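Just so it is clear, A, B, C, D, E and F label the chains in written order, and each chain counts residues from 1 on its own.
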Amino acid sequence: MTATITRVPVRGEVRESLRDFLYLESLALDEHRFSDWLAMFADDAHYEIPVRVNREKLAEWELSPNGRIFSDTKETLDLRVRRLETDFAWAEQPPSRTRHYVTNVLAFETDLANEFLVRSNCLVYRSRGSDAEATWYSAQRRDRIRRDGDGWLFVHRWAALDQAMINARNMSIFV
Amino acid sequence: MTATITRVPVRGEVRESLRDFLYLESLALDEHRFSDWLAMFADDAHYEIPVRVNREKLAEWELSPNGRIFSDTKETLDLRVRRLETDFAWAEQPPSRTRHYVTNVLAFETDLANEFLVRSNCLVYRSRGSDAEATWYSAQRRDRIRRDGDGWLFVHRWAALDQAMINARNMSIFV
Amino acid sequence: MTATITRVPVRGEVRESLRDFLYLESLALDEHRFSDWLAMFADDAHYEIPVRVNREKLAEWELSPNGRIFSDTKETLDLRVRRLETDFAWAEQPPSRTRHYVTNVLAFETDLANEFLVRSNCLVYRSRGSDAEATWYSAQRRDRIRRDGDGWLFVHRWAALDQAMINARNMSIFV
Amino acid sequence: MTQTTLGVDALLDRARTSIPAGRVPIRIFNDQEIFEREQRNVFGKAWCFLAHTSEIPKPGDYVVRSIANNSIIVARDEHGDVRANLNMCRHRGNQMCKSEMGNASHFRCSYHGWVYKNSGELVGVPYFQEGYETKLNRQEWSLINVRTDQYGGLIFGTLDPDAPSLEEYLGGFQFYLDMYLKQSPGGSEVFAPPEHWTAKVNWKICTENFTGDGYHTAVTHQFAVELGYFPSSGSTHYQGWAVNIPGKGHGIGLGHTPGLAPFAGFPDDLVTTIGRSLTPEQMEVFSKTRTAVGSVFPNLSFLIQPFSVKPGEAGVRFCTMRLWHPVGPDQIEMWSWCLVPVDATDEYKQAAYDAYTLAFGQAGTFEQDDFENWTNVTRQAGSSLARDADFPYLMGLDGKVLDDWPGPGEAVSPYVTDRNFRNQWATWLSYMLDEV
Amino acid sequence: MTQTTLGVDALLDRARTSIPAGRVPIRIFNDQEIFEREQRNVFGKAWCFLAHTSEIPKPGDYVVRSIANNSIIVARDEHGDVRANLNMCRHRGNQMCKSEMGNASHFRCSYHGWVYKNSGELVGVPYFQEGYETKLNRQEWSLINVRTDQYGGLIFGTLDPDAPSLEEYLGGFQFYLDMYLKQSPGGSEVFAPPEHWTAKVNWKICTENFTGDGYHTAVTHQFAVELGYFPSSGSTHYQGWAVNIPGKGHGIGLGHTPGLAPFAGFPDDLVTTIGRSLTPEQMEVFSKTRTAVGSVFPNLSFLIQPFSVKPGEAGVRFCTMRLWHPVGPDQIEMWSWCLVPVDATDEYKQAAYDAYTLAFGQAGTFEQDDFENWTNVTRQAGSSLARDADFPYLMGLDGKVLDDWPGPGEAVSPYVTDRNFRNQWATWLSYMLDEV
Amino acid sequence: MTQTTLGVDALLDRARTSIPAGRVPIRIFNDQEIFEREQRNVFGKAWCFLAHTSEIPKPGDYVVRSIANNSIIVARDEHGDVRANLNMCRHRGNQMCKSEMGNASHFRCSYHGWVYKNSGELVGVPYFQEGYETKLNRQEWSLINVRTDQYGGLIFGTLDPDAPSLEEYLGGFQFYLDMYLKQSPGGSEVFAPPEHWTAKVNWKICTENFTGDGYHTAVTHQFAVELGYFPSSGSTHYQGWAVNIPGKGHGIGLGHTPGLAPFAGFPDDLVTTIGRSLTPEQMEVFSKTRTAVGSVFPNLSFLIQPFSVKPGEAGVRFCTMRLWHPVGPDQIEMWSWCLVPVDATDEYKQAAYDAYTLAFGQAGTFEQDDFENWTNVTRQAGSSLARDADFPYLMGLDGKVLDDWPGPGEAVSPYVTDRNFRNQWATWLSYMLDEV
């Protein structure tokens, strides 16, 4: 990871288009258009959020090598989306009001000409029901995004939450 | 609204200029230059924030069709700005320290060649006096922005707050 | 400061490159690569955060003319970085998980052809240990950035926190 | 000033004599013990506002409201009757309604699936045979009912089954409520769903202010004086009447501007027809009232007044209804509605609502300053140095009740007086001391 | 419903008779006083779960866990023994370990530099000569020790030095725990570090649910019924057994699906070898169990069941262990582990973990709905209108204990019953009344 | 360790004998009841720091500060006198000053417009005629006054009208305070407005640390040892003196580095003139002091010491003054000032301030680590397992008071000792027991 600072980010049109892809993804999520969102993933896509463990500075890892909050294929993402589309996904009744604040978007070339590594920060605001207090998720994301005709597809969404103790009753939303 | 994902966002110079217009607007607000801010609105502009009601998933609406927190014309915005410029706008004494974090800016063409629909997420941080706790407003915005010579003017600012129970003693600031 | 609104921001490639410089800076900080971060500062650089005092609307100043939370030269920044690299910087043991959300980046020309004034909003999310509650720092930044070959160097980082009563046990991180 | 602090009992006991003498303990405006006793003694016994009938016009319509810390479903059942029930499943306590409003004939619990009619009756229990061997007495496990009653479209509830009737409780204040509730022969209606927000404010400060605090207007809302948005001036502003219902706590301030047209701000057709549903005595009082700002004890308030964006013009007459719902000694959830005349045109209703949002409502230019002051009052009232001290409620201590006042209750003039508040806090005290 | 509210003592006293009769006070699920007494009487005396031995396999390994509001270092010392100590420096109280896990032979305090062995012994004091004139008795100032004991890889601790042995405490529930702890002849192990998160939930609601609440499954997790992800249907779902250890509070629900293969979801080689470390009686019970959901009093729970992403397929058998750690009357810190069979292939372990994350864990599709309901239950249980009322625990009140049940404790059929819960809250009550 | 916990009274009673014997109850460092009693008994009676005179040099200048939970306006009135008043309008409790500092001859309330002089006197009441019929006794309703006194530029206030004089209260500690307050013949002054921030820390931990905790320096600030920023080494660091005023709670640690130049870090002209305003006894003590870290009971602390960015160089001598203002059992609002010699050059003052910000202040490299430890201490001190246990304050228990010490109070050597702290907590105890 530490190599990225020496790599020159991709700029211009490609980056703008990749960034818009992230913005359009956020819109789909924040407008609860989960099927539209799912369609932005390649069939071989992987969606993962590692478990974070509170470790001291020199520990080998803080993001668990094998622990996952999410470890989804397109098949299991599809299960989640179909679940949300039933009338019985109580965790989202009433639906969360989410807002994905996507910033610091940097794109890098990869070893594949048609795939880019896109890094971003994503702050999610989530409000439920009549609660006066909102829930926040702060995450760094490293996505692998593949060119698909005029558009793009997620091949890999990797997001790491910035907390070891997640301050939310559940993760019924997507980061 | 759900149609927007299939529409191709406006890119390049026009979008960059529109985004800067939003950034300069934020600067005016955060620096308490309310007259400068007002000058960014067209004479026929409308500024509105609907009332949000906590509803279940399949409800017809969650943003009230007729309830409004703000429903301002340029005339009433002018009243608000003149009020803030008196020495008696106690709600802003001492003035709020606001910071508008504007992200996810997407521009779309409209039926008018010189007007664009600009969508953005806006997270407002607000600190008052010596309070250790800040107030947050999370909002989605859909603005209609009109070309005006080299610059731009707001024709319509539409912002929806992401809470049904607003966690703030008042709305003496602008989103 | 109030003059900036009438100045036309720098756009296109230069601004994109300046913005990426800020993003790469954030990455260095959030990945705890403090030496990399230090290398982004010119030898004559100054890093400062003024003390904010809760004042009424018409007060001459709210940011103290002489009070500083940080007032660092490259030499003292270097001391801070070397400190963080010891095993005894308890304030960062375990290390803060920071995320710098950089938005509203506007660049302006200065009287020097190779230096730009770059304004940005920076929201810092900071999570420690197993705390369920995160700490937030909201700041406006006005940086002076100098061209350095293909890259850039900070000549002046000026950041003002938006609180008079800082809600955090310490400032062992950088904004 | 010593640091020994009176216990709550002693403090309240001292207040028996001090309140009528014009001294109210500062501490009651921000104190945890006071809050807890209020929740039990005041909000556990008084008639508390729940909803306006125009919010649930059709069978199945419901809204979810609160009394004390109880979430309450207020529904119109299949017979058209209004029913109020605790929003808690009797089986294991799940929340039944998760939204603020909707329409449903039945509520089904998302935990184990018990089903209730919107009237609260338990009608469906899964595995009634296999699990309960049909032995559960379903009648016994209906939703916990809350007693309700109505006046003029206002639905009130009380947690006290032994409370006196709403009519007795209002004790004549209905006369004045009609100013808000009968804005047209067809009555008044809610224009839009209420806004709500939280504020670090003690509810009593708000209620008091809306029980006729004409004293604050020209200072708190000085911007409006400055910019010319007031239909009264500093020199006439204190004019008018303050009326309260002794022993009941309700009170109203009636601001009067000499020379202002009756019902200024209402459209002509309303002005000519409004009397149809009012008594001559009401007409006499209402027609000389510019601003009417009053409260039903404990925490429901109203304001009606003309407002114009163009200084000097009559503008429109808008009306707000608000509930200062306490959730802590220094915190409320604020509910704010706009009431409009049923018989007015859509354009007029919209104009009245627009005036309301500009002046009151969370972004209202008047509301903002009130909440700023109240937040500050609440914080300071918790000061340990002020815990044994009083605020002066001395205005109008020797004021004479008007003999010839056409309405119920006791009226005095001028409008600017502490009289309504002394009655309000004396009433509050009788609740706190369990002497109602 | 009057507003007089029972004191906690009276409430608990009333519960002595009401709980066995099937009525549990609502208030115990959200009340500050109840919480405080629980912290002292329940969590100060019971055996509380700390860690699984597979989390600290090597000397020096440690994890940091909690009992009540105490942070506790659970370490494997240089002799390979497990030691638990309060994570507080004895000198001025600094936190010793600042991470959740690691490996260290010694802990050095970052305030004044005292050094302890990982077993808790104080071995280093700066300026021992210059400051203490060598007079400090180092033995006296070791870390505060916490008594531990183990069963089947589970490390428990108790704050009560006089507590009965863990074996007596479990009282036969070991028989059922083996379903989770002996998933293979080599036992079970933790697959990855636990997730943890906070939720506004009362811990008792969670424990109860995981002590065999088969009643909620088809409703709370109705999405799975809808999408075909359940290996049982509504019509068979109540089938199975509920078993508890009287007077100990432990209980388990054993869901049974007629015709389902024994140990469905386990790979064939596990199914053929699993009996090696189990008794014939265990095999009899385990082989007919589809789902086993049980709890060790007070707050450790387990679930094992088959799950497949493809409706109709056998899928994998996953197992979760969870700790509902109370931090307030309406708040827990949730810890969730996945236990896998030691002897299974890496592929199988990964598949079991993936099924776990999809179903349970913070983003689990089942977990999500449980926590939503529990959050809502907790909030509503605090309603003042419900403070003197009870929830019905009437299911299976006349149920007959099975004579021929091969395991310890009392077993009834069907699975859907309140019997386990009545035992659970009666046990809880005996702790609260200091009568254990 | 049983779970029975001593009541606060019993705990404090036990401490009468345990504190002098070197054992301080852990629980006093994080306990709600202790906090509440402190607010009343300690902060309600002691002399508490408000401001430095150089912060309000001109008539009309004011700052807003706190004692306990009272916001206090400290103003210089038109006669040049310092006046302190509760920042609460006497009419309905609004906050008068909404900023931390400013200049005003009068304060006007934003609620109903009452006007006070900056000395607190009520001078303007709207509608005095129309509303109050001129009957309000304005003298009676001035702002609530707070008694103040000064020493060396420090303005203190007390909420207790019967408190002894400040001179008696300080009891000789003035001798040592001069090290901070008389950095030049013209005295010392505040360089810039104070930083303030909140931290989850118990105030007593901070005060104790700044009453001469030389024991922590080389460990907590080990980075500085590592990087060479210390003008002392581990082997000499314990050298120096600890002095306290028995029964008053004030104490100071004087670190001594053999061979270091007197007043190292001060510019030469200051070193040569500083004696002019000091006594020979003070010169004797001050000139051999490298670091002086001391506290005025209860919560005002100071530190002066040389610091250089370049290891080995003398650098500058900077001085910080700090107030650990408690707002909860585990929370403070921190105020931190930098004091500089009035007679120094602007360059020197700036250099001293820069050293201060680099070392102390919220981003200070030393400050950071202190607060980290203190936050952790505070959290752990709330552990239920530690509630009946003590911390050892055994260092220097048999230490002999120096006969030939030139200053007031009792002095011992070495610097590293718990003696100052035992006196501090014994004094605290006498306040808590109302025996001052």
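Methods note: contacts are C-beta pairs under 8 Å (C-beta built on N, C-alpha and C of every residue); 3 or more make two chains touch, one makes a residue touch a chain.
Remember, it's a predicted structure, so these values are computed and weren't measured experimentally.
Asks: Which chains lie in contact with each of subunit A and subunit C?
Replies: B, E
Asks: Enumerate, in label order, the chains that touch subunit B and subunit D alike.
Replies: Joint contacts, listed by label: A, F.
Asks: Taking a step as a move to a touching chain, how many steps at least join subunit A to subunit D?
Replies: 1
Asks: Between C-F and B-F, which chain pair is linked by the larger number of C-beta contacts?
Replies: C-F
Asks: Counting only Cα atoms for the centres, state how far subunit A is from subunit F in Å.
Replies: 49
Asks: Quick check: how many Å separate the C-alpha centres of subunit C and subunit E?
Replies: That gives a centre separation of 46 Å.
Asks: Of all the residues in subunit D, which ones touch at least 2 other chains?
Replies: 98-100, 110, 196, 198, 220, 333, 369, 372-373
Asks: Going by the contact rule already set, what residues in subunit C reach two or more other chains?
Replies: Where subunit C meets two or more other chains at a single residue, that happens at 54-56, 88, 90, 92-94, 101, 103, 123, 129-130, 132, 164-167.
Asks: Can you tell me, using the touch rule above, whether these chains form a line, ring, star, complete graph or other shape?
Replies: The chain contacts form none of line, ring, star or complete graph.
Asks: Which chains are in touch, pair by pair?
Replies: A-B, A-C, A-D, A-E, B-C, B-D, B-F, C-E, C-F, D-E, D-F, E-F
Asks: How about subunit B: which of its residues touch subunit C in the complex?
Replies: That would be residues 13, 16-17, 20, 23-24, 26-28, 30-31, 33, 36, 87, 92-95, 97-103, 123, 125, 127, 129-134 of subunit B.
Asks: Please name which positions on subunit C make contact with subunit F in the complex.
Replies: Counting only subunit C, the residues touching subunit F are 49, 51, 53-56, 59, 64, 66-72, 75-76, 79-80, 82-83, 86, 88-93, 164-172.
Asks: For the complex, which residues does subunit E have touching subunit F?
Replies: Touch residues, subunit E against subunit F: 39-41, 44-45, 68-71, 86-95, 98, 109-113, 126-127, 130-133, 135-136, 141, 144, 146, 159-162.
Asks: Quick one: which bits of subunit F touch subunit E in the complex? Just the residue numbers, please.
Replies: Interface residues on subunit F, with respect to subunit E: 1-3, 5, 26, 29, 205, 215-216, 218-220, 238, 369, 372-373, 376-377, 379-386, 389, 391-392, 394-398, 414, 416-417.
Asks: Touching residues of subunit A toward subunit D in the complex: what are they?
Replies: The contact residues of subunit A facing subunit D are 88, 90, 93-94, 129-130, 132.
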